[in-house]
Amino acid sequence: MHMKEPQRTTQDILEIMLSKDNFSRWLGLEVDACRDGYCRLHYRIRDDMLNGFGIVHGGILFSAADSAFAFACNAQGHITVALDVSISFALPAASGDELWVEAQQIHAGNKISLYDIRTTNAGGQLMCVFKGTAYRTSRLIQ
Amino acid sequence: MHMKEPQRTTQDILEIMLSKDNFSRWLGLEVDACRDGYCRLHYRIRDDMLNGFGIVHGGILFSAADSAFAFACNAQGHITVALDVSISFALPAASGDELWVEAQQIHAGNKISLYDIRTTNAGGQLMCVFKGTAYRTSRLIQ
Amino acid sequence: MHMKEPQRTTQDILEIMLSKDNFSRWLGLEVDACRDGYCRLHYRIRDDMLNGFGIVHGGILFSAADSAFAFACNAQGHITVALDVSISFALPAASGDELWVEAQQIHAGNKISLYDIRTTNAGGQLMCVFKGTAYRTSRLIQ
Amino acid sequence: MHMKEPQRTTQDILEIMLSKDNFSRWLGLEVDACRDGYCRLHYRIRDDMLNGFGIVHGGILFSAADSAFAFACNAQGHITVALDVSISFALPAASGDELWVEAQQIHAGNKISLYDIRTTNAGGQLMCVFKGTAYRTSRLIQ
């Protein structure tokens, strides 16, 4: 007899992903909302995230946006990977700054989807904009 | 009397930058060669760099390439910042993998320069390719 | 006696630019609205804009968006040039299709500005998304 | 009885594509070499390719590189489409300039491939660099 697998919710999938995502935990990401095609999260810049000029390393801004991208595009349960990202930096951030990341799907094809992801500071200023292309595989998240 | 500042070498500038660059130290980057317009470095993927799928988080690959970009384009002594980066991911990397990053300037304008930065694994396979645009300010690195 | 130059409006600048812009005329671009940081235009795909698969050549979609980018970021009167563009293609267009392009500034720095430019078809579907970085020179448009 | 289809060469496929590619013909592209993963071509900037500043429209530089991309990634016979392109502009070109475009595959996955495409002038100076991601469908070019 074939036992039907219990239906997983978006929340279940997010928890599975987050529980294994060591680097997102290191970043201190706090997910505020997540559903298929959408994610909003926030985090705080720490001293160990700074570069040689005493401002946030560009890789931190990229990484938090990339995690939001992953959470939004995996929420439907199939393993989905980033193919390409273009990021433009607008303003620097300093230690202690709280940043907000919002990922929105702007196109959903059969295999390929596009996301627009913006990071803003507490004053609502744009820190960086991230445009990402994702490829959905046929494998399920487990 | 005006004392002339001693001439700084590329090595001096790199050491100033690295000594303050907390996140590059967290990444464990080892710089093998660095001069104006060029940088080669390597690092090893650790467990705390993995994402929810047990492979390296895309933000780590971006960050190491972004550091190589910063070292190469700041080696002439003026503070130079990334404006835009486009990164394409080719292959995943796993914990324990040693990765090599090579940053090469492909255009040097008055203010704007372009870099092609490739990350390869020990077998020489391309992990990702990073194209970056930098803007040189008139401020000196101190 | 020094005669003060008459104040040029955004409309004047757009007309100066368009009158000399041979390729935008070849594209048949119709500008619907243009002001500093914003442009909306439309055009129709013709047979001579198709590629070897009988759909619109990607270069046409890029070019029309690039013109909207130029009109929006030059409307303040200083010559402003594109440094970097990232474009993602969502859906193909066919001969006869009317396409709408909307360029919006999302960041304005001192020299550098960022634009998000989207092309949609008559049904409102996204054809492509274009993220551009512009550099403002100190030269005036004449 | 099943008649085996005659084997098509890269040259056959290129001729099929070019014969239908109206916009590449308008651009006046001359293909010098083309094989799976590689294309080299040249063309000359004409007055009708200029923008409002009297230099080549960025869309022309993009389009010629995009055609080289298409020729290189379709040479194996399956319809292959561009997903994402990032282009960085280095130097302007003027009417009469002859430009050379070289497209090289830098990664070939199962479905996804990456290309680095550079445009240079007669003096060997870099005009622009184009990084493209292609997706190979299962449909054959006919």
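Should a chain be cited, it is by its letter among A, B, C and D, assigned in written order, with residues numbered from 1 in that chain.
Here, contacts are C-beta pairs under 8 Å (C-beta built on N, C-alpha and C of every residue); 3 or more make two chains touch, one makes a residue touch a chain.
The shown structure was predicted, so the numbers you read here are calculated from the model rather than taken from an experiment.
Chemist: Determine which of the two chain pairs, A-B or B-C, is joined by the larger number of C-beta pairs in contact.
Modeler: A-B
Chemist: List the centre-to-centre spacing of chain B and chain C in whole Å, with centres computed as mean CA coordinates.
Modeler: 33
Chemist: Could you please state the distance in Å, as a whole number, between where the Cα atoms of chain A are centred and where those of chain B are centred?
Modeler: The mean C-alpha positions of chain A and chain B differ by 23 Å.
Chemist: In chain D, which residues are in touch with two or more of the other chains?
Modeler: Residue numbers touching two or more other chains: 83-84, 86, 88, 133.
Chemist: Using the definition of touching given at the top, classify the network of chains in this structure as line, ring, star, complete or other.
Modeler: Basically all the chains touch each other, so complete.
Chemist: Show me the residue ranges of chain D that touch chain C in the complex, using the header's touch definition.
Modeler: Per the stated touch rule, the residues are 16-24, 26-27, 47-54, 57-60, 62-64, 66-67, 70, 74, 79, 81-89.
Chemist: Mind listing the chain D positions that touch chain B in their complex?
Modeler: Going through chain D, the ones touching chain B are 84, 86, 88, 90-91, 106-107, 109, 114, 116, 118, 126, 129, 131, 133.
Chemist: Show which residues of chain A lie in contact with chain D when the two form their complex.
Modeler: Listed in rising order, the residues of chain A that touch chain D are 83-84, 86, 111-112, 133, 135.
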